[in-house]
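Paired with chain B in one complex and with chain C in the other, chain A is shared by the two complexes that follow.
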Partner chain A sequence: MNKKKYYPLFGLMAFIILFQLFSSFSGKEFLLIQLTMCAYYSMVIIALCTLMGYAGQISLGHAAFFAIGGYTTAVLTTLNLIPDKDNFFISLFNSLGFLSLRVNPYGIEILHFSPWIALVVAVVITYVISFIIGIPILKLKGHYLAMATLGFGTIIYRVLLGGKIFGEADGISDIPEFNIFNLLKINGDNADRIENYYAAWFIVVISMLLLINLIHSRVGRALRSLHGNEHAANSIGVNPARYKLFVFTLSAVMAAVGGVFMTHFSGSIGPGEAGVLKSVRYVAIVAVGGMANIWGALIMGIILNYLSLRGYLGSYDEAIFGVILVLIMLFTPDGIFKAGNFGSIKNFIFSKIFKKA
Partner chain B sequence: MSYEQLLQYVFSGITNGSIYAITGIGFNIIYNTTGIINFAQGEFLMLGGMTSITFSRYFPLPIAVALAVIVTAIVGALIDFLVIRNLKKQSILFMIIVTIGLSILLQEAALHIWDEKVRSLPFFTGDEISSINIFGAYISPQVLWVVLICSIIVAVLTVFFKYTATGRSMRACSSNVIAARLCGINSKNMITLSFTLSAAIGALAGAVVSPITQTQYDCGTSLAIKGFAVAILGGLGNSIGAVAGGIVIGLLESLSISILPLAYKDAVSISILLLILFVKPSGLFGKKEISALKDF
Partner chain C sequence: MAYLEIKKLYRSFGGLQAVFDVSFDVEKGTINAIIGPNGAGKTTLINLISGALKPDSGEVIFNGLHIENLPPYSIAQKGISRTFQNIKLFSNMTVLENIMMGRHVRTNSGFITGLLNLPWSWKEEDSTLEKSRMILEQFKLSEFADRPADSLPFGKQRILEFARAMSMDPELLILDEPAAGLNMNETEELAKVITNVRNSGITILIIEHDMTLIMDISEKIVVLNYGEKIAMGTPEEIQKNSDVIKIYLGDDNAIG
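Take a look at the complex of A and B:
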């Protein structure tokens, strides 16, 4: 069996650990916060990479799935059920352990759904939405597909922006922590940031493992054949509609899981997470990483999101993503990790050195 | 709903509809030549609006608008010269990504050249409170300007694409680039021309709608989505269809306000877009035989 495909995974884990050690020893643990956020955004990026790079289906609405996940958990864990405490369903939920009670900083008791339930509901909702929207949308191709997914993303954005329950333009804040068996708390506390950092990257590593296996499996080959030529794939027994729907729902759910944990980590969420520019940013990162290159997408996702979250890009934040998109498409449409690129750079440097020598 | 109220809704629907139609037409020109959708079309409108507002400080209005159209047309030509022409992979996926990148770039450039303030051109005739009474409902004279310019553009374009040699060569490039080249058409120049033309029309549209919708650096995206919805509804490439589609969407949108909250206005029109894409991607007026040959 070929184990080579898992080697980069060890590289990733080594990087995660080294970065943590480096930041702890140099007393810059605050750097981990942005890297934790990067991890959650990476979920969307690797999910989108599978959909776009391997199956060849563009989605300009992937931020919407991230936001659906985030908002589902935000609504469920901040909705106060105390007034309806005696309702039959609520008391049933309570006795089943679906609810949890907390006291907010103002001393008011809040009875809300537990984050576990919220996670499950978020996954189910995202799955159902992506399934329902996926059936008609994935029949479309090219710019029709791009526009339809963009339209879907815009609708979600508008609904989040206009909905009372979603906090309108302010979004939802004061979201409780996600307590995992009392071992680990997904929250924004400074004391817990190393645990949070590892938790986030654990989720990413598991997802990468799943996706690598998927890509190298029969399903993965079927997906790539769809990208190449749908009719040819169909003629050798690959059902395009089924496989496209499968990868679409899978990547939507992965994005939503990222959204759920990100929301608990940052403690708040706003409608901007579903915005068109966010979706475009994810597409840009996948394109830079080289479409059908899940590692390239992940690496560029970490670098670009990190720079952007640290604020190094300043007021040119969006502009840089635009420039990247145009330059990559112009000069190396297969991404900057294309095999030939580093070779030619190396040759270029060597030729300079030898000329001087 | 009283008769006057209904009429008022209808007029506001027509107002929005003609704005969307004039945006949708710009998509059609590039689609007619290249078969691609230019996701930066909305930014041409924004640029047209912004530059004409700046020029209107120094020049009388007609000259300012004309200068804005020229400047934006040059930007359109440059986009093709610098980017589209040099693309290594001309597949639809890459075209979509590159035009999205351009749209972000133009937006951010506008943000840095101007600022994030909302501006608008002065009304072409009268001012914001002047209105014309038609059958008991009120309508701003600027709407008549939009409708007038929209109809002139549609008429000129229809004649241009149907009866002139250049227009026909442009359409030939869309159906089959290689065949068009074999007939001696310089397809690259035709694409440059189509970008120039659609930028110019976008700028004119952006200037004429500016007093009503107002112009801001990021106003392009939402206009472009509506414009695209309208272009799809009327059948891509069909300018008269775009106008009809624009009025249909405008009317549905303004009638939806009487039922749903205003915040969902955009969601309504985009839902219509999705519905059309799912049910009849060739558009309301697309022919079955033609759409059977196309890949949606």
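Take a look at the complex of A and C:
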């Protein structure tokens, strides 16, 4: 078995640890907060990269899956079941340990679904939704698929924006922490930010491991063959519908898992997370990293999201991602990590220097 | 019962009858050619057999199984592989990976195995790799193994597509104009390769415009014109057939 494919993972882990040490020693631990958020957004990016870059199926609706995950957990962990606690199902859930009780800052007792159950429900809901919409829309190709996924994203955005249970334009806040076996707590607490940082990146590393395995497997090869030539893939024994549906649902669920943890981390979620501009941003990042280059996508995801979350891009944030997408498509459609690029940049710089000399 | 039976196959596109009442049998281990002028319905016929198109009516029976309504991927799983008139390679993959794709139907690691890289897939991957390298060697493509498939010269791309179809260990190999765009030496080479493939027990169905190649290698020839079968027989019989001579060379009584 070829182990080379795992080497970059060690690089990622080293970076994660070094960054934490650096920030702690220099007394700038607050930098970890944005990098934790980057980790959760990276889940969408690597999932989208697998779908777009490897299997060749574009999605302009991935922010919607992230939001479906986030909103599912937000609703389930904030919905107060106290008034219905004598209901047969509620007491059954309670005795099964599906519910947990907490007291909110105003001293009100809230009985709600535990985050574990919310995570499972979020995964199931996302899987079902992506499965159902995937069957018809994955028959479409290219621009038509882009338009259909864009439509799906818009529908989810409007539903979240208009739904009373989703808090309309305000979204949902006061979301409790996600407690992992009392070892790790995913919450926005300043005291726990190192813990949170490692928890987030742990999830990303595991996801990367799974996706790297997949890309280098027989199934991954089949997915890439669909990208290369669907007719030929079909005639060589690959069932296009089945493989596309698999990668679409996998990618949707992975984005939703990112959404679930992000929501517990930030303690709130708003309809903006499902917005079309978010979806475009994810597509732009995958394109910059190089479509069929999961490491490129991850690295660019970290850099660009970090700059954006730190506020370096200012109020032109969304515009900058649009400009990036246009420039990349014009000048280097295979992403900036393409093998030849660094050589040609070097040559360009050298030629300038020598001309002057 | 014949190995591959085509029975009363019909297919039209709008008002055009592309394949009209075509029936013939293919015996196991033989080279069978389909010839005819441009637009005679040859490629349509092949698409009907390989599942890329569905017939309006008629039957295709392979090894005793009805395959006329199966999708291409399940026909491939039955052991039928094909090449395309306009080469269809996986341009985003290397030459070696293209060949490895040919092993897809002969391997079975699934989604979960792929995600978790479970140990039982390792052996399968190794044997896929080994077999693919063997095929590359056999088709003299080893030196190109790690190059992107679309960077190969045209002739090599044709050979690569042929090699990909062969790496699946097919029972029936369908070749759609394999000599198109090849020079004379390459065509001679191709004739040898096709004969070798036949000698290894694989049945071949070939469409080709190069008459020298067809007359040299095939055992049975089916002639199509305007979607209809107008003649069938050995190369000698076809060469003497007056209908065939008429469509290729024109009518004695034609004015002009």
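We adopt the following convention: the second predicted complex is superposed on the first by the 346 of 357 C-alpha atoms of A that agree within 3 Å, B and C clash if a C-alpha of one lies under 4 Å from a C-alpha of the other, contacts with A are read in each partner's own complex, and residues count from 1 in each chain.
Here, contacts are C-beta pairs under 8 Å (C-beta built on N, C-alpha and C of every residue); 3 or more make two chains touch, one makes a residue touch a chain.
Nothing here was measured: the structure is a model prediction, and the numbers come from that model.
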So if we stack both complexes on chain A, do chain B and chain C clash, or do they fit? fit
Now for A:Val276: first (chain B), second (chain C), both, or neither, which partner does it touch? first
Touching A:Gly237 in the superposition: chain B (first), chain C (second), both, neither? second
Going by the contact rule set out at the top, does A:Gly220 touch chain B (first), chain C (second), both, or neither? second
Which of chain B and chain C A:Gly228 touches, first, second, both or neither: second
Which of the two partners, first being chain B and second being chain C, lies in contact with A:Ile324: first, second, both, or neither? first
For A:Leu245, decide between first (touching chain B), second (touching chain C), both and neither. neither
Residues of chain A touched by chain B versus by chain C: which partner has the larger set? B
Nearest approach of chain B to chain C by C-alpha atoms in the superposition, in Å, rounded to an integer. 6
Contacts of chain A common to chain B and chain C in the A-superposed view none
Of chain B, residues touching chain A in the complex: 36-37, 39, 83, 86-89, 92-98, 100-105, 107-109, 112, 221, 225, 228-229, 232, 261, 263-264, 266-267, 270-271, 273-274, 277-278, 281, 295-296
Footprint of chain C on chain A - complex, ascending: 1, 210, 213-214, 216-222, 224-225, 227-229, 231-240, 246, 250, 292
In the complex with chain B, residue positions of chain A that touch it: 56, 58, 60, 136-137, 139-144, 146-148, 150-152, 154-155, 158-159, 161-162, 168, 276-277, 280, 283-284, 287, 315-316, 318-319, 321-326, 329-331, 333
Looking at the complex, which residues from chain C come into contact with chain A? 50-52, 71-77, 81-82, 84, 88-93, 97, 100-102, 104-105, 107, 109-111, 113-117, 121-122, 124-125, 128, 149, 164-165, 168
